[in-house]
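Each in structure tokens, the structures are laid out below.
Two complexes come next, and they have one chain in common, chain A, joined by chain B in the first and chain C in the second.
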Partner chain A sequence: MSSESRSNLILGICFILFSLLLIFVWIPLDTDSGILERVRRQVTIGDALAPTLAGVFLLLGGIILVVAERNAADQPEIDTVNLGFVAMVIVMLAISVLVMRYAGPAAVALANIGRETPLEYRLLRDTAPWKYTGFFFGGTLMIAGLISMIEGRVTIKSILIAIAAVVAMIAVYDLPFDDLLLPPNGDV
Partner chain B sequence: MSALEYIWSGVLAVFLGPELFSVLGVPIPVTLVMIFAGFLLGIAVGATPGLAGPIAMAISLPILISIFGYTPDALLPVMGFLIGVMKGATIGGAVPAILFNTPGTPDAYMTTLDGYPMTRNGQAKKALRVAHLSSVSGDTFSDIVLFVCAPFLALLVEGYLDLPEKTALLILSLSFIAAVVGGSPAKGLISTGLGLLVAFIATGEDFYPRLSLDSPALAQGFPLATAILGVLIVGAVFKELADMWREKRSSGAVSANHDSGEQGLHFSDVQRLFPYIGRSAVIGTAIGALPGIGSTLAATIGYTVGKARYQKRKSAEDPDFGKGAPEGIAATEAANSSVSGANLIPVLSLGIPGNAAAVFLILAADSIGGFNPGPSVFRFTTESVNPELVIAFGLFTAMFIANILNWTIGGVFMRSMGVMTRVPKQILLPIVLLLTLTAIYVQETRMDAIWFTLGFGVLGYLMRVVAMSPLPFVIAFILGGKLEESARQAFAATGGDPYFLFTHPIAALFMALSVGVIVFTARNSRAKATEART
Partner chain C sequence: MKRIVKTAIAMFAAAVMSTGAIAADWMPPGPIKLMIAFRAGGGADTQARLIAEELENKLGWKFIPEQVTGKGGMNMAAALKDMPNDGTAIGMAVTETFGYNMAAAPKSGLTPEDFTGLATTAGFQMGIVAPTSKGWTTFDDMIQAAKGGEDIRFGVMSPRLADLAYLLGKAQGVDFNIVTVRGGKAVMDGVNAGDLDVGFMAGIQAKGVEAGDLVNLASALSEPLVQTPDAPTLADLGVEFNSDGHFVFVAPAGMPAEARDAIAAAIAEIVSDENSKAGGLIKNAFGGSSVVTGEELTVLLSQSYQDAGKLLDAASE
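After this line comes the complex of A and B, so read on.
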């Protein structure tokens, strides 16, 4: 934190531009009704009014940031190395979610090799062990991957912890309730 | 029936209701057992990061209704269970906030500010004790006020707050939150603006879901849980992971928190904390009685008022608010816990909830039938019995029973949670993350919800990076829909008067206060910036 940082000024300018874009471009192009509408000779509030109010909040915030707080003493300094790490975390999470989504159907496709009557994941999504496949592999990858990223190495311990946590979550969410669906079984 | 007879009938409805089983010939009423079960479940889910009371309520409500059926007899057991969950989760919610810096609910966010630094200083158990004492004291105070004042306050709120006033009150609460939370009114306004914007995406009255960019994924809008848990929990997890990684890079090891120093809570501590608990309990109770404003605002105001008092009185060696002051936890927990009791006044008299838990009480009443939250609830008819009023006093009794459980089992449970500090954070945080994503999926059952949550997590992380509080975002997101709805109704009710916020005296006062609080804090921060420069 320092008063040397120009983060408030940059942030303020960004939000002033965003709010102007929101109020004058996005809202008019992406809402069906205006700020006030005349319907059957009665004036009513249109769908554009509320988002315009949000835009006004953003614009006011941006202006105050530029005018009153650009020299504030407690401005954060942005650590780009940290941002890079979080970007890697997000990539790891995205891969895990994709594994969660597609591991089940992929396992069924694998099991179908050489079968005369092919299985369909959609019909098996309430049948163990198929219904756990995606959550198990995706969840294990997510937990073990994140632990390994922090510790800087992949260990058997982190994989075992991830497996235990995922199995515990299956026990909590799936076993006692028939009507709850683990990811991704509500989509497929 | 006289007022006292109504109260007594409510108490008897709980204790002499249908019997579940008997112990040594003493019948055990089903409502009591349900309150107890709900309370235990509430503490468990509240203390589990990523879970929270509303999720437990959402999952259990259909199960309870299928067990008890759609008869008026089901009202007290089902709603008693939900009240048990609400009370248990309130104290349980402070546990992950204090131990892991991951608030399970928006209300617990302010608890992290001092609770987590205390944990880092080795004072986790003491922080939990402070949270428990404050939470239960605030809750009990609120329930007493509820019992005594409910009918009068219900009539008062209904009499003075019409639609224009309610709209102005919502604008005032948003402006206030923007101005006071986080120390920067500009960033508070931006955070509020973002929350409103996200709340307004794909909502509205037109056939086309506004601002959805023609995308089918956005056409349903953002579910409440994705925005709130994404910004508050996932964002905090990202920040913690990044901080841990940086720490590991610089020191070669990941630090762990160990208990050190005195963990007990002595009478002198209680004496020191009591003024903060008392003030916050009054603030929380007053806010809880206003419709549409929930415990998050109470926690924020309680914290701010407590901070102002603390700055004047603290000695040089005491930690500041936000650096591990027990008074900070006391001010927050007493305020947010004292909302739930008083909150039942607008819930029962107007049908407007102040927090997510109250939404489920309304939903339960609506699903079972025989109890319609609205003005008729507090009608003291003398010639005939008003069964809704008896149920209302039955619910108040359920709250008191849950409070007694809170004072006893709650404390023991929270103390036992201290053991969780030994779990290494680099292991726990990824598990919390998956638990949060799973909980959201179980509620929403679509992968889009997981992507939205991760997206809001990134937003929450970036907000923390630029020192912008995520709390105004969350409150604006929750209140956005209500604000638009009440503005539309007020506009229609005033015959299309575009100046309805300024032509009604109380509404005009609220609007003047809204502008005043922003101008005042902006001028203050400018003066501070100039001071820092010179």
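After this line comes the complex of A and C, so read on.
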């Protein structure tokens, strides 16, 4: 920790740039109706209002970091270790989400080998055991992966903890409810 | 001759039975995603979920209901449009979505041709309703009050109804203060609380009218209201448009006839049975079922879209 660190300044500039990109490029390209819409004598809230407000808050946060907090004490250093850790967390989460999304369809594709009438994952998204495939493998990988990153080693114990946590989530969020779908089944 | 008649009857019977068998034999290839364009817990959402529940119990189909609300059903329509048309994705909205709301949003790129109409379930008893505490017993009483200088706050729950209120004021020579709120319940709450002087209500007013707390000043339909048949219609009041409409189930365009017929027949049967939960709700809240299916529904949706253009033009003046 050091007051010489420029991490608040760098973080603030990143957020300012991102929020400007959000407000002036991304949102206008991705919404139809603007911030406020005048529809036939009535003013209504447009699609862009809520995300633009969120962008403005990000911008304010970035400005505060740059203007008011740039010389704050106890700023963490930005070094390769910190950035490497953040990158590893992002990669781990991204791989886990991809596994969650595609493990089910991949399992169905495997099951289709040799079948005359192929199965389709979308039609099985509410049928056990198919519906648990992505959530189980993706969730287990996410939890075990994060534990292993923190511990710096892969252990059977961390994998068992991850499996127990995923099974507990299935028991709480899926089994009691007929009409709830676990991720990713609502979006396939 | 007799033989010909007998043969004809036998052929007709065989044709009818085979059609029935096709509808009865059709099974969705997987769970059916039911996209509901209404907020959770309201009358329309309850209606959709009860219909799904009874179809599950009766036919063994599996439904996965989800809320896709916003923009008068347009968000639901946009999400449904590109879903598979094999019967595993359907939506519930009102005919206004496929008429006025699509016509008023050309940038959406949506038209009724992007959808397969399955079945309507019920119409609305859309009245122009005021609290009895205002002292108005007829529509004319309200107009006289407006002409006497009173500001009339007119609650509406959709852009189409806002246009109708505008044209009604224009026809009557008054300028209503048109206030848009979210849903018919919000209009009724506003009227009951005294925040609105009058508003459109689509059947929700029945108990209040019966209890003497509310009064149907006019029918916003092409027909008189069942509960207050003496109230004038919009046509009587000089407006050539009306708010006729239905709750409607739809699917993406190009749905195979077998699936369309089976789903439509199943919905029609449930909503027409007043002893079913869904049929009972429809009877109590919306005055009974009103089922339109098949080609007739295709024409109804297309006609709503074309007529909406005329209303938009008239209200743009």
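Assume the second predicted complex is superposed on the first by the 109 of 188 C-alpha atoms of A that agree within 3 Å, B and C clash if a C-alpha of one lies under 4 Å from a C-alpha of the other, contacts with A are read in each partner's own complex, and residues count from 1 in each chain.
As a convention for this text, a contact is a pair of C-beta atoms (placed from the backbone, for glycine too) under 8 Å apart; a residue touches a chain by one contact, two chains touch by 3 or more.
Predicted, not measured: the structure shown is a model, and the values here were computed from it.
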Practice task
Considering only touches as defined above, state whether A:Leu181 meets chain B (first), chain C (second), both or neither.
Solution key: both
Exercise for the section: Would you check which partner chain A:Leu60 touches, where first means chain B only, second means chain C only, and both and neither mean what they say? Expected result: first
Practice task
Could you say whether A:Gly104 touches chain B, chain C, both of them, or neither, answering first, second, both or neither?
Solution key: neither
Handout entry: First, second, both or neither for A:Ala73, with chain B first and chain C second
Key = first
Exercise for the section: Report the partner of chain A that touches more of its residues: chain B or chain C. Expected result: B
Practice task
Have a look at where A:Val89 lands relative to chain B and chain C in the superposition and call it first, second, both or neither.
Solution key: first
Exercise for the section: Have a look at where A:Leu124 lands relative to chain B and chain C in the superposition and call it first, second, both or neither. Expected result: second
Practice task
Report, in rising order, the residues of chain A that make contact with chain B in one complex and with chain C in the other.
Solution key: 32, 42, 44, 179, 181, 186
Problem - Of chain C, residues touching chain A in the complex - result: 29-31, 62-66, 84, 88, 104, 107-108, 159, 162-163, 166, 178, 180, 312, 315-316
Completion exercise
Touching chain A in the complex, chain B uses residues 59, 62, 174, 178, 183-194, 196-197, 200, 204-208, 210-213, 238, 241-246, 248, 254, 426-427, 429-431, 433-435, 437-438, 441-442, 444-447, 450-451, 454, 458, 461, 465-467, 476, 480, 483-484, 487-488, 491-492, 496, 498, 518, 522-523, 525-526, 528-530, 532-533
Fill in the blank from the handout: Per the touch rule above, chain A residues touching chain C in the complex are 32, 39-42, 44, 120, 122-126, 179, 181, 186
Problem - Complex interface listing, chain A residues touching chain B - result: 1, 3, 7-8, 11-12, 15, 19, 22, 26-27, 30-33, 36, 42-51, 53-65, 67-76, 78-79, 81-83, 85-86, 89-90, 93-94, 97, 101, 135, 139, 142-143, 145-147, 149-152, 158, 161-162, 165-166, 169, 173, 177, 179-187
